[in-house]
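Quick one: the structure is below, and I'll ask about it shortly.
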């Protein structure tokens, strides 16, 4: 594999002394994030490596030495944010961009009624799923993660080196903001019903928060008893509303739209629709600046009354 | 456990009339942590304060809640009271049950219930109060006065006399301001120049005063006692230190098309000019818009003729940086533009002039050398019509809703001067009201009517028009006679409303000083602190705070100076302890707080932190308490809640919210 | 044994719900969970497991324990115990049914937890055999038979029929109310259905999980294994695995200020959280490695040691499917035992 | 639903006012005896930028029916730029609340200077009237508090 | 209706708040019909404030106001005297009852002095 070759070369050149990447799991198709100090042959990178690894760098760069980090395009934006916010020591990372043609959502394969999965093999645009009951083929595009279907873009940012960028493929089929727009077009009652139904599924497992590259606080207010905001459980319908409203506000203007929050949610709550709403508003009201929207201003910014004036069903 | 005392003030009947104060005290006494509750007619009186002091000592109170008037009124008073009994002054909270309760709610039950809720919120807050100690910062012993009119000059002179260095920044090429343009002053009719120019000279020569004329404020940073100001000295193209003020250059200048600002463009001046004969400094300035050298590259006559070699076309703006302990705003005023008042024909007829223009016409150094000549043909006018309140007291949106204050008196002055020098003229004054509250003011006005025979007509001019034969026709109402008059006038003089100088608004933003909707600077208290801005270290002098005549301006200028002197006489200032603090155990070092801090009060450091999981070197935010103003912008930018505001902590505000929503 | 034609299932549900509230797996916004039955709710027959386990019924995520009302300076305590209304849960899988006996070990041994006890007594559990165990299932590793689920009543859903077998008095009592629609039959008809299940279950990739190393190795040795240093790396420290796990039983007790009253409630807690078992000095397990290790040491070592060898896992596979980063108990158990 | 003795709905309105402008504006309304409903309760903050969205949500959680935030006019902030941040924060937050289906009239930002006592009273009257129209806030309440 | 009621009605119809008037007389100073009017714009404001509307209703001044709105335009306090004149005119027309202007009668009313614009306005308003 070219990645393994590159990793070995970079390590031998002294660019890094260890590697953060993915390795194969217990099942034929699962992968897990892992740190490699040797045995670089067991580094895998394939369409099942959905996890964003950049946040592990917060702890990893507290240690000595340099870590070689494998980054998909969306992950590279996360690392850029963590770097900007001084949450990682960028000089201790060798960021190696790896190409991405969208990642596979195993649940989507199950949803097609395919059971007893043992292995998944990739052949171009088709997947061969090996099951207890024989082999089945699935079009690759059908089972990509939601986040890949409305991808922000396949360009890496801020990497030290990008491997075979030509292998990346644009997997966007949806307008990134289509989901937000569709909700905006509903009336308030329908919107409320939608969110109440979705958010009431929340089990407060915090996976969305813990995976989020923007949620990098040393201590989250929801875990901090002296914050006056701490809470552990969805004690009531309100509680998880509060959690998600505040979390989305805290990452407002900082969210890289990597889609991890929705990917990891066991209850399949479309959490990205919250963050993307902010992104959409920010683009519309304040343009597409580099600075986080809430950390800057202009003297002729829109008044909060725009919310009232734009009327119902605006899009 | 806190031991809280609640003190409910009657404020005479101001609170007690609408709020059952006894019941409020009784109810609040049952709140958890409250160990003492009492009511008293005037809590702010010495006896009331004594009641608080005694209660603190006898009940070992750790927190005090006073249910009274606005904290903006007496928070400081009660903090001091607490301090006198050994309690930390920041353990006091005020529940505003007067302005926000008894004065606006008529129903006694409603008002009492609300007072109880407000009291509970204050109790909830004080439960979480912590003793705070004010930090100290040194005072830079130098003052800045912005504006070189009579207000600025007087303030600067008074400060300088007390021994402190003071700088005057004036945007025009000379100091003197509006007063320098006046002919005589009411009600004494003494010559404005005669009393002003000596002060101008004194200011220029005073060892403690530095003048920055033709200069503007570029940037203000810092805080009371420690302002850092950048002053832009605009290029005059004449070196002040070399120029002898001979004036040869101004005579040699071939360009004569520029309107003479000092005479309100009633006559012309050269491209290089000294604004007026007594200008200080007596150094010319080049108007680059008009100067042939700048426009065409040819000419340079002035430079050739300057014996002192003072003229330098390559001169650049210069930025001076200076530190100050106090800043005085003395930015003055201007007459409003009369563009929206077409009915008076000011834009159409040259013989319709403003009062300030008329002032120049009457002045011996003015465009007509003091002869009363009308602008259109230079003939002496025989009938003059004065119109008062042109744009003043106007709520239609065309003018200003306030009374400009000085017009009644200067119009009487003008009318009198005209009648005295030219007894054969007829002078009419149209007025809505004649306002003369001032020493010798009404006597002055009556003299105009009784002694000088000025025709005062109660009524307003509706229209000024040309009768087709070159005469100005003034149509007006005479309300007392219930008639409509049409007067054929040779000149019409409009008492245009006044407004604060346009530069005041941007200056206020730089100074973080608040302004009212009319762009007058707001005072810290309308009655008790009239020369101070709510922004510490910023003082107000003259018209920029509100319409004033000369004697008022001078006395306010002196008052502002006294406040500045009082501040500069201190070696250290106690700073507001209600500032941000960063919890090093929770801070992630993300820099978001630093980005929103308006004062640059947050820096980052690498520090060893042990949050219970072991020691670690982390990047954490550190607040410079002397620089922090305590706005709290950082607390919201901080997602982890590491940044909090002392005195207004998140938990205190949560407690208030909870108490109100209970 | 009794049976019912499959097309009459909704009739059965109607009847059950008329006796006492009925809960069954249903889909809500793309995720299957136990929902209150009502007309229009479809039984998610194809779903193997709900996202959250059935432990919710006896040990809910949040439970009000008591309230305190403050009047002036007086405090009044309001008890809150309302868990004794009878109810029926339909569609519990063999693994979740097995988890109840694990929870019983915790909550019903002295001192008995009255909230749990009341709910346990009030609830009737109807289990359903897993026709097609899937990739992530490994209940057989713990001696659980997906073809023979426990519970008050067991149900098999074959092509065309629902087979019904009461197992307890509670189950019998409920059945008595339904004899008019459930016709008697002999159990032989489900034999081949059960055989198929067993064949599939034995082929599953995780079914051969072998815990003999864990049983036979000293706890200190496992605790000190260097493997922990490596395998926790991918753990985010979220509580997903603990909240979907049918056997996790840790909780926290907290207060909520409602103004006039303060509610005391308990809610699930997760050993993965940094503020778990927080004491004056903080969490005794300071790093994610220690927290990660605790979870598996507890399930696979400490719990069996205190409960007659009973392993605190039922092989439901929820953690296998849900962990955002692909970590799970099988992976951990195998890596530590170098299997 | 909270009622007064006449059986009319009495909403709970929390007003966060900055110390320098709006709180002073409220004082001026008071000294001018300009009435507004007693259901408006003011919390003083140094600057509108001190108001954390969590405060607003907390108020709704605990049963407030409307939350209004008043600060200095943009450009007049005592701290020079605080209210510019408020403006962005609240614009985005309110847009989000609306997106979640919360009635948008329940939240408001007004710029009220120290000189605008009349505007303060008028704003509070208008806001309270809106909340009266909307009735009790059900979408953000915490059921435990009812 | 009492005279006071008529005043209230006139104020309601016109939306005028006479207490805003600071009695400067600018309305009357600007009025082009001043000499034709028995009562002048400022008097409309003043008299209605004092409850003396009868005299105004009976006065021909009502029909000499050109409705040119210069008084409204010039007023520094937004008092709107012309609106008040218009309201009094309306009240007078209403008090006439159903006896309204008919199209055929218009021609007879035209003369040198009455502005045609006024007649047309009145015709549109009172002929339904």
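Lettered A, B, C, D and E in written order, each chain numbered from 1.
The working rule: a residue touches a chain if its C-beta (ideal position, glycine included) is under 8 Å from a C-beta of that chain, and two chains touch if they have at least 3 such contacts.
Keep in mind the model is a prediction, meaning the values are calculated, not measured.
Fewest steps needed to get from chain A to chain C, stepping only to touching chains, is 1. Between chain A and chain B, the least number of touching-chain steps is 1. Chain nearest the geometric middle of the protein is D, using mean C-alpha positions. Of the two chain pairs examined here, B-D and B-E, it is B-D that is joined by more C-beta pairs in contact. At the far end from chain B, in terms of centres built from Cα atoms, lies C.
Inter-chain spacing, taken between the CA centroids of chain C and chain D, is 46 Å. The geometric centre of chain C is 85 Å away from that of chain E, both derived from CA atoms. Centre-to-centre separation of chain B and chain C, using mean CA positions: 71 Å. For chain C, the set of residues touching two or more other chains reads 256, 259. Looking at chain D, one finds that residues 53-54, 62-63, 75, 81, 85, 89, 142, 144-145 touch two or more other chains.
Annotation for chain B: residues touching 2 or more other chains are 596, 611, 637, 650, 654, 658, 661-662.
Taken in their complex, chain B has these residues touching chain A: 585-592, 595-596, 604, 611, 616, 618-619, 637, 639-642, 650-651, 654.
Listed in rising order, the residues of chain A touching chain B in the complex are 62, 85-87, 215-221, 224, 226-229, 250-251, 291-292, 294-296.
Considering their complex, residues 180, 183-184, 188-196, 221, 229, 235-239, 241-242, 245-246, 248-249, 252-253, 274, 277-278, 281-282, 285-286, 293-294, 297-299, 301-308 of chain A touch chain D. Interface residues of chain B, counted against chain D in their complex, comprise 70-73, 96, 98-101, 103-107, 110-111, 113-114, 117-118, 121, 505, 508-510, 512, 514-517, 522, 534-535, 578, 596, 598-599, 629-633, 635-637, 645, 648, 650, 653-654, 656-658, 660-662.
Against chain C, the residues of chain A that register as touching in their complex are 25-28, 30-35, 51, 55-56, 107, 110, 113, 115-118, 132, 197-198, 201, 203-207, 209-211, 219, 223-225, 230-236, 260, 263-264, 266-269.
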